[in-house]
């Protein structure tokens, strides 16, 4: 099941710079590991902010909390979670995926 | 380019029911047409609310506004728009897509 | 899985009184049916407001949305949903249930 | 009587780590003691946040304040309290409990 | 036990004037009856607003909700409830009452 | 004249503990002195928070500010002030006081 | 004593136009009468809004409420009231008045 | 032209006390100088807060910013600025000034 | 002098459609006239909303209010006004204009 | 494409003064470089605040984020981004520019 997670990151300015760098490096590793196993399918930067918009695909709120609280930057993250349901007007996802590939190709040409 | 759009829909209770039904039917048609041409790649329902979380893929804010204001329910939608940028920790998308398919299969088995 | 749902109900004052009464009667029936099948384990009134605090036990956000949008008063409800996870300091629930029964008895005597 | 308590915990990042660990350990002990005596019947983690949703069962706001201010982390907790009343559509609790046990069993089979 | 209740009243402008007058007259009667039986010890107008600050003295949140929802204007009242506890720096109330009477007399002379 | 004052207290965690204890002790002394001279007739704790709800009886906003800024914890207090007027539905206060005493006695018996 | 009053005016669009015009005309008369008797020393329009910033000079919150609730537009006004005290850095007002006249003259020349 | 400026002052508790005293003393000097030259005609304390309500009379937003950013406490001030226009119901200011003097005299007698 | 004005437009859904069309047509004419005389140098649509971001160049807040309140849609506009000052890091505007033309040309080629 | 960016700057008071000065000097250099290459066409100070209102002209949200996160003060900036679209009532920009020059000349004479 899917959850929208909107994270704001606020690293205290007086944190030891080496510790902060280490946290960020480990954050990146953990974030990529979770993406690779398919549970963090979308991760975007909010333009202009140290913040992101994410979608997680997990089996339960327990699993979601386990993932988020395993992030090295968790103590400095303000996360708002929104549970997502299937939208009645969403087109069939498999069909859509085909359309998307085709149209992405078309649009690339158009640009 | 991608924009997160969070829409709340508030149809006035004293709108003529037939007019409201017609609006909703046309909204669905327009929403599906935009999904099919690849410019509305994600559309989720916010659980418990007459609201959605969407991601649009357009060439400009002008195109985004043209799409949103073409929605039949636009007069009753409160939309907040967040421009999205690529996240430095996001894994390569093509690679990720492959991982995702593989792991989605695995996870389906696990359940 | 559990979701906290905080609902505010705002029935428009110019709704036909008979229609409003009918909505409320049907709301009560639906609410009790969902409670009886075990998916709405907690329902409390917020003191002083036409509002409630609820906990739902469902299998997914999809099921949660299906339940909430089936409520006759849904068009007039503003619901905020919070996904709940197990708390690391929560005592074992079965054990706790036994304690709770025992201590509830004790406390009744004390009053 | 019941009170919904929504707590956000914010431990300052520059607190001595040993002191913080000690606080958390003592918090856990106190929280479990209050749960065991039946006055903290529900304690859930808010998924994605260092926060919880709780229900307390106490004899008065005085008792509630005494409990909450006895928590070792109290200086770092932002608690919002909502007094709860019986909901007119809540089904009889004893009956409900029976239903709940039966249906929980059924649902476990269904999964 | 005491609850602070802060009420904002918003009577729709298109309510029938006679019905509104009737509501206000009955509101006054009910409010005075509850004051007389000692359960609404403080009722003040917020200067400049159709709003009040109240303190209720009841035995439970259930009783508080029963009182508030019995107000004829309840459908048009937005009430925020804050449970109050004894303050550790509050002076003994009986002693204080004596002091208060004495000093009120003194202050009246001073003016 | 009366003013509702809602105070939140936030003592910085890195304040010297002895200094903080001293501040709190002096705060208590000053608060009780102002209560004793009749200018702080109501002081309640907000259940669950380091906060209070107060009513002050002073001759002017100048006197109110003088009192509040004399509190030793003033630099750490966030105070919101609401001027109170007599409510048209408030029953005569002298009469009410008599009723209140009588009914308080009755209610004590009832419990 | 002085109170800052910030008023937003929201006249419902479906109010009878003649009734609205009458309200506005009477509002103007009442506002000017209160200004003339010295109790509404400052009245400014908030640029760009149907709103004003006012300072009232009255003997009590009771008098303030009596004035504000006598405004014909009171049912459509959202007023926030802030009690004002003398500022320790404000220069002596009589002296200041003299300075002000002199410097206003100078500045007029400068322009 | 006039601007309403609402300032909240938040001096960090860990600022060197001598430096803070010096800032406050210099703030007072600068504030009085600006008042004397007629550009800060109104300065009031918000009762109960380290905050003020001010009206500035300047020739432009540039001049306003120059004044405010010259305040020694500027780094610790949160200022919200509202541009003020002449109100159509404000009585003629010269006439009003005469009335005000006369009525202030009357009111002084009345007290 | 410059003012940022952020306008949200909310036309009531039950306004007569012909009246609404007429308002919008006249709004457009008035908006273009003010742009042509140089006092509304910037007017942008907020993508996804019936809202705009504007910059006005006027001689005073009085002139700004006169312009805004002359808009036919003024009764349905919620406008927030921010006075703008010259920024110390802004490059010289004449120089900048030259740079801008040159670089706009370059960028057009680049696309 | 254009983005409105509203930035609040909050430099921690305990940052080393030399480091802060250096940050501000480098911020100015970077800001002017981006203005010179045409991608930051508008930069205004918010009167009374350490804040600015900016318009950026970039090819994508990615480019916008790259620019903003390259600012030396980025860790201390709270930026809200609003994507801007062409407004249907905006007059033709080339025509408008001619009008603007002419009318700016006229207005300069008028002053």
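Order as written gives the chain letters A, B, C, D, E, F, G, H, I and J; numbering starts at 1 within each chain.
Note that a residue touches a chain if its C-beta (ideal position, glycine included) is under 8 Å from a C-beta of that chain, and two chains touch if they have at least 3 such contacts.
The structure presented is a predicted model; accordingly, all values stated were derived computationally and were not measured.
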Matching B-J in over half of the residue-numbered contact pairs, the equivalent interface among E-F, D-E or F-H is D-E
Just how far, in Å, is the C-alpha centre of subunit H from the one of subunit D? 47
Subunit D and subunit I, separation of their C-alpha mean positions in angstrom: 51
Which integer distance in Å separates the CA centroid of subunit B from that of subunit I? 29
Provide the list of subunit C residues touching at least two other chains, using ranges where the numbers run on. 2-3, 14, 45-48, 61-62, 64-65, 81-86
Can you work out from the touch definition every pair of chains that touches here? A-B, A-C, A-D, A-J, B-C, B-I, B-J, C-D, C-E, D-E, D-F, E-F, E-G, F-G, F-H, G-H, G-I, H-I, H-J, I-J
Parts of subunit C lying in touch with subunit A, wherever the complex brings them together: 1-3, 60-62, 64-65, 81-86
Mind listing the subunit C positions that touch subunit E in their complex? 11, 13-14, 45-50
In their complex, what parts of subunit C are in touch with subunit B? 3, 5, 12, 14-15, 61-62, 64-65, 68-69, 75-76, 78-81
Touch list for subunit H against partner subunit G, complex: 2, 4, 27-28, 31-32, 35-38, 41-48, 52-53, 55, 59, 82-91, 96, 99-100, 102-104, 106-107, 111
